[in-house]
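Below you'll find the structure I mean.
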Amino acid sequence: MSVPDGLPKMEYRLLGRSGLKVSAISLGGWLTYGGHVENENTFACMKAAYDVGVNFFDCAEQYSGGESEKVMGDAIKKFGWKRNDLVISTKIYWGTAFGDNPVNNVGLSRKHIIEGVNSSLERLGLEYVDLIYAHRADRETPMEETVRAFNHIINTGKALYWGTSEWTAEEIASAWRYADKLGLIGPVMEQPQYNMLARQKVEGEFERLYEEFGLGLTIFSPLKIGILTGKYNDGIPKDSRLGTSNDNFVKGMNERIGDESWKKDIETVARLKPIAEKLEISQATLAMAWVLHNKNVSSAITGASRPEQVYDIVKSLDAVSKLTPEVMDDIDAVLGNKPTALIRRY
Amino acid sequence: MSVPDGLPKMEYRLLGRSGLKVSAISLGGWLTYGGHVENENTFACMKAAYDVGVNFFDCAEQYSGGESEKVMGDAIKKFGWKRNDLVISTKIYWGTAFGDNPVNNVGLSRKHIIEGVNSSLERLGLEYVDLIYAHRADRETPMEETVRAFNHIINTGKALYWGTSEWTAEEIASAWRYADKLGLIGPVMEQPQYNMLARQKVEGEFERLYEEFGLGLTIFSPLKIGILTGKYNDGIPKDSRLGTSNDNFVKGMNERIGDESWKKDIETVARLKPIAEKLEISQATLAMAWVLHNKNVSSAITGASRPEQVYDIVKSLDAVSKLTPEVMDDIDAVLGNKPTALIRRY
Amino acid sequence: MSVPDGLPKMEYRLLGRSGLKVSAISLGGWLTYGGHVENENTFACMKAAYDVGVNFFDCAEQYSGGESEKVMGDAIKKFGWKRNDLVISTKIYWGTAFGDNPVNNVGLSRKHIIEGVNSSLERLGLEYVDLIYAHRADRETPMEETVRAFNHIINTGKALYWGTSEWTAEEIASAWRYADKLGLIGPVMEQPQYNMLARQKVEGEFERLYEEFGLGLTIFSPLKIGILTGKYNDGIPKDSRLGTSNDNFVKGMNERIGDESWKKDIETVARLKPIAEKLEISQATLAMAWVLHNKNVSSAITGASRPEQVYDIVKSLDAVSKLTPEVMDDIDAVLGNKPTALIRRY
Amino acid sequence: MSVPDGLPKMEYRLLGRSGLKVSAISLGGWLTYGGHVENENTFACMKAAYDVGVNFFDCAEQYSGGESEKVMGDAIKKFGWKRNDLVISTKIYWGTAFGDNPVNNVGLSRKHIIEGVNSSLERLGLEYVDLIYAHRADRETPMEETVRAFNHIINTGKALYWGTSEWTAEEIASAWRYADKLGLIGPVMEQPQYNMLARQKVEGEFERLYEEFGLGLTIFSPLKIGILTGKYNDGIPKDSRLGTSNDNFVKGMNERIGDESWKKDIETVARLKPIAEKLEISQATLAMAWVLHNKNVSSAITGASRPEQVYDIVKSLDAVSKLTPEVMDDIDAVLGNKPTALIRRY
């Protein structure tokens, strides 16, 4: 399938206070690769993304027990893409298919960071990743050990930048404290969930980090597993991921279906429909553009499972300019979840 | 021989203030590997330990003149264990079978640390050990040289953590002083002797180190060469290690037999018998549980020479909870060697 | 073609406050290698330069899209020159022939510096360059990232010294600020344009840097694309570079032809003719000697396209001593562009 | 030739404030290896030295234009000596057989240190030397560059310790200043000339360095090219080195023959004869023992050209104890060159 005519040009953004440029829209391997979508389809999605200018492909050691990294590495070889053109990431924390004694195959100890990165690079078939993430914070490992270990990874040429995923603001600040104290490199990016229904962390808790540490964001779940597209407004279609996937995260979502918070989300999404219609865009485009409107977002990671979805998502780049202050106020009024500024300026 | 039913689940503890987890019970290669017990037996002991959840296997360059490392490395290959599942250590100081001019094949000079580690890794057939110990303090080598050399080992990927064995509290503090001054990594663990009959160092001298430097302990000789099992209460059996081994340490023990301190120890052990009987455990289990009761002990290294011994030792994990404050007081009353707190809090 | 008799002996100068010695006259690959002059000719020029004592050969990743580095590397192999005898440089910033997505193939991010240097070394067929330059300043990449990345290049043995090209004095000072703060190596040399018609930067803006940071200069365009030789005094010859080259820089020069600044330059050059005649040297020799007269210039990079030009340029070494204070004053009177001292001494 | 009976046991001394032990007597490759004594003889001398416990073999990149390193490396392989048993040194400064353009093949620039060490290791056939010396101070290279470059050599595993040769006290202190400032490793040893006729530097100028920086000495020329053996007391034998060698240093000595300073030295040496006779040792043994008597001397490097000379020199180890305070006073009275203490203690 070839790229449709008329798609907007990809936008590239600096990854926080670094010199690396990532496509504003990127492709994640969370559900897609090696999972319920077969490999050929994954290849097609990656190619579609590459063709529309996506340069950032996100993965993690534990996605599909390591299979996602293998498929991503296979795609890079299959299509003969130049390494320099790509920004490849992976994340360390959860380990992969475990051996007999997995106690040290998880977390952010020096042991798991080094062993995990070595395993990931082997699966990817790469000498280095561009970005290496701590996939969670590890309260059992001293922060200094983790900061030193990620710097060891960078010093040995196995990664170019390191960052975090789903850390608290305090944990990120603590990592920088050790980096500064020891003259080491601190975490330059964080990967949180961010979408219209989940904005407290990015717009509230993290408020000071962008200026203070130059934190860049590579956010995931911009459409909240599709809820924000409006496709669940009238119930769960049988062929959707929510209806079929065995993934734990999705199963967790399934369990929410029908409870109060789920109902509240569906109602909120339904009330966004008129705003999208007025702007003559789909609700998915509105939700995606809303995320990209936030300049602290370096890249929004999407989990497309068909090439058409990739093309659709890219259209949102054109819609960002439609989000005038007035439209943003209308959206805030519907969402009712705008964080109060934590920074007081006297 | 297969694992008996009903053994308690292995417990894993953080190695001091690090993110590494070691099994509370571990296996040491001091007497066992390559020594008077043939290799096949060693393999059987290692397998038994691995099967009950032991992940930490301890060795040293000089155990059996380097043979212990070879056998340990052979076992890892033979059983196809995953490297990530294992915590492998060795220790540098004493050198191994010497060349013609061994003056620099001993101690903690940069030369011996680097050459010693390279030799150990070759014998083990590994790219890195998890833990590297300074097997003694070296008063002839400047502390700064030793601290720098162990950091060189870590920076070149040959070890993940470094520590000490049989150092004084002052020496450990001095190592940290240089590590802090130079922004380097300090020693995270110490390997002292620790058991009911030898507790002054761990409970007295080291008292401040656990909080101050996050020191973890991997203690050896929890049963004091079997004395604490009570098996020498009525004299030395002919087939025991004390009766047969050529090992220098054991020979040193032999020389003590019959002297005043030996008699005193045997009498003390005999007086512990009622306490063990009251708890319905063996004296060996009591002694082992007593060591594990100390939370500053990350791992107790045992020197089993038969698989059955491994299984027996593991049972002590269940006995720790029997050591109530009252029982501990009774034990202290028998031992009469509880160190006075050195830390004064006003 | 063999070296003519009577050429002066090459002079070697320290590269700023470093221990490296570069020939006062050096050969650059800007227009020459792989470009409009065929490879054999390039080999001949390099050999001529080498034979007269030139030890410094300058290149850049983007010269002729990477072809210049290949030809330079081929020459070194072809002539069997010893690596230790040579000072080889290249420059990172502009990238080379791009892949599909060149956003990260440009600039001074850690990614492009590492990937760019690796690519350059592969094209050159060398394990390291002596000098690595940041070919421009990159205002999008944090200075700290750039300083760290060049130190990574030095620490991994891929370059011996790093410097800048066409940076401002403030940017150079800022790089040193981060180097000093982090205990890293700062930029030791800068490569600016410098000639009789362009002296504000070298003699004005950079005035403090020589003493403050030990900055050395490897200047380019000492003859300003030949203008200072006087050969364009009577119009543009059809067979000159200005008449024939497709190079962008030269095309930019072409566009200036006939405008006011071009006319002013030509008039100035014409007025230098009597001075050259009085000293019994050519105008080219005068211009070259004038550049070498500045002791802050470690090396003047020339872009000879024929061996004869190399020999001619070397003659200027003998002419430096003719530039007495009186002659220099006469030249300043013609040029009328002597920068006012920025450093005030009370 | 086998080791004679009755030789004293070799003494090992710490190399300054380091953990490395060097034999108090060592063998240097200055005149011997690859020079006027053929290789087989060199092998015999090295074997004799090794057999009497010499573990330190000293070389330099420029000794016999690199040939000394090759022969030393050949000997190590030939005899199958274990690397750990040896302390091998070389020195960087003078370069070796030059290429066409040797300007950067000399001195202490980062370029020559790295390229020089790589070349030396290749000639020696070793992965690392134990000691790397700066063979002279280089006033043209910034001290910081030199200190960083030697640390790079240590960090990349190519040497274990670095030091200096024929530096001034101020230069050594300056190197430590940069090492301390940057958290790097400073020079641990200096190689000066030291003997009864040349003691101002070691006993005067360097007085504070032993305590302040832990400086160790590996001194050369303990017998001052044989003058102190008394063999030139009655003129120059035709078959001696002074009579036959083409070495520049020796030729420089030859030129002194007959001048006032030479005559004064010969007279002084003649007046030492009665002291040696009273102690029942040869003058050579006296001179050698006198050097070893100085505890700041870690090793005295000798340049034996026959195995018998090695055995003779070793005998001086037994003679050190004969140098009572009274004997030392008698010697000082003859020499008349005892430095005045520079350190004033109030």
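Letters A, B, C and D mark the chains in the order given here, with residues in each chain numbered from 1 onward.
By our rule, a contact is a pair of C-beta atoms (placed from the backbone, for glycine too) under 8 Å apart; a residue touches a chain by one contact, two chains touch by 3 or more.
The shown structure was predicted, so the numbers you read here are calculated from the model rather than taken from an experiment.
Distance from chain B peaks, on a Cα-centroid basis, for C.
Rounded to whole angstrom units, the spacing between the C-alpha centres of chain C and chain D is 45. Separating the centre of chain B from that of chain C, both taken as means of CA atoms, is a distance of 63 Å. Counting partner chains per residue, chain A shows two or more touched chains at residues 155, 183. With chains as nodes and touching pairs as edges, the resulting graph is a single ring in which every chain has exactly two contacts. For chain B in complex with chain D, the residues that touch the partner chain are 99-105, 107-112, 114-115, 119, 138, 140-142, 145-146, 148, 152, 155-156, 182-183. Put simply, chain C touches chain D in their complex at residues 12, 14, 17-21, 50, 53, 55, 81-87, 130, 155, 157, 160-161, 183, 185, 214.
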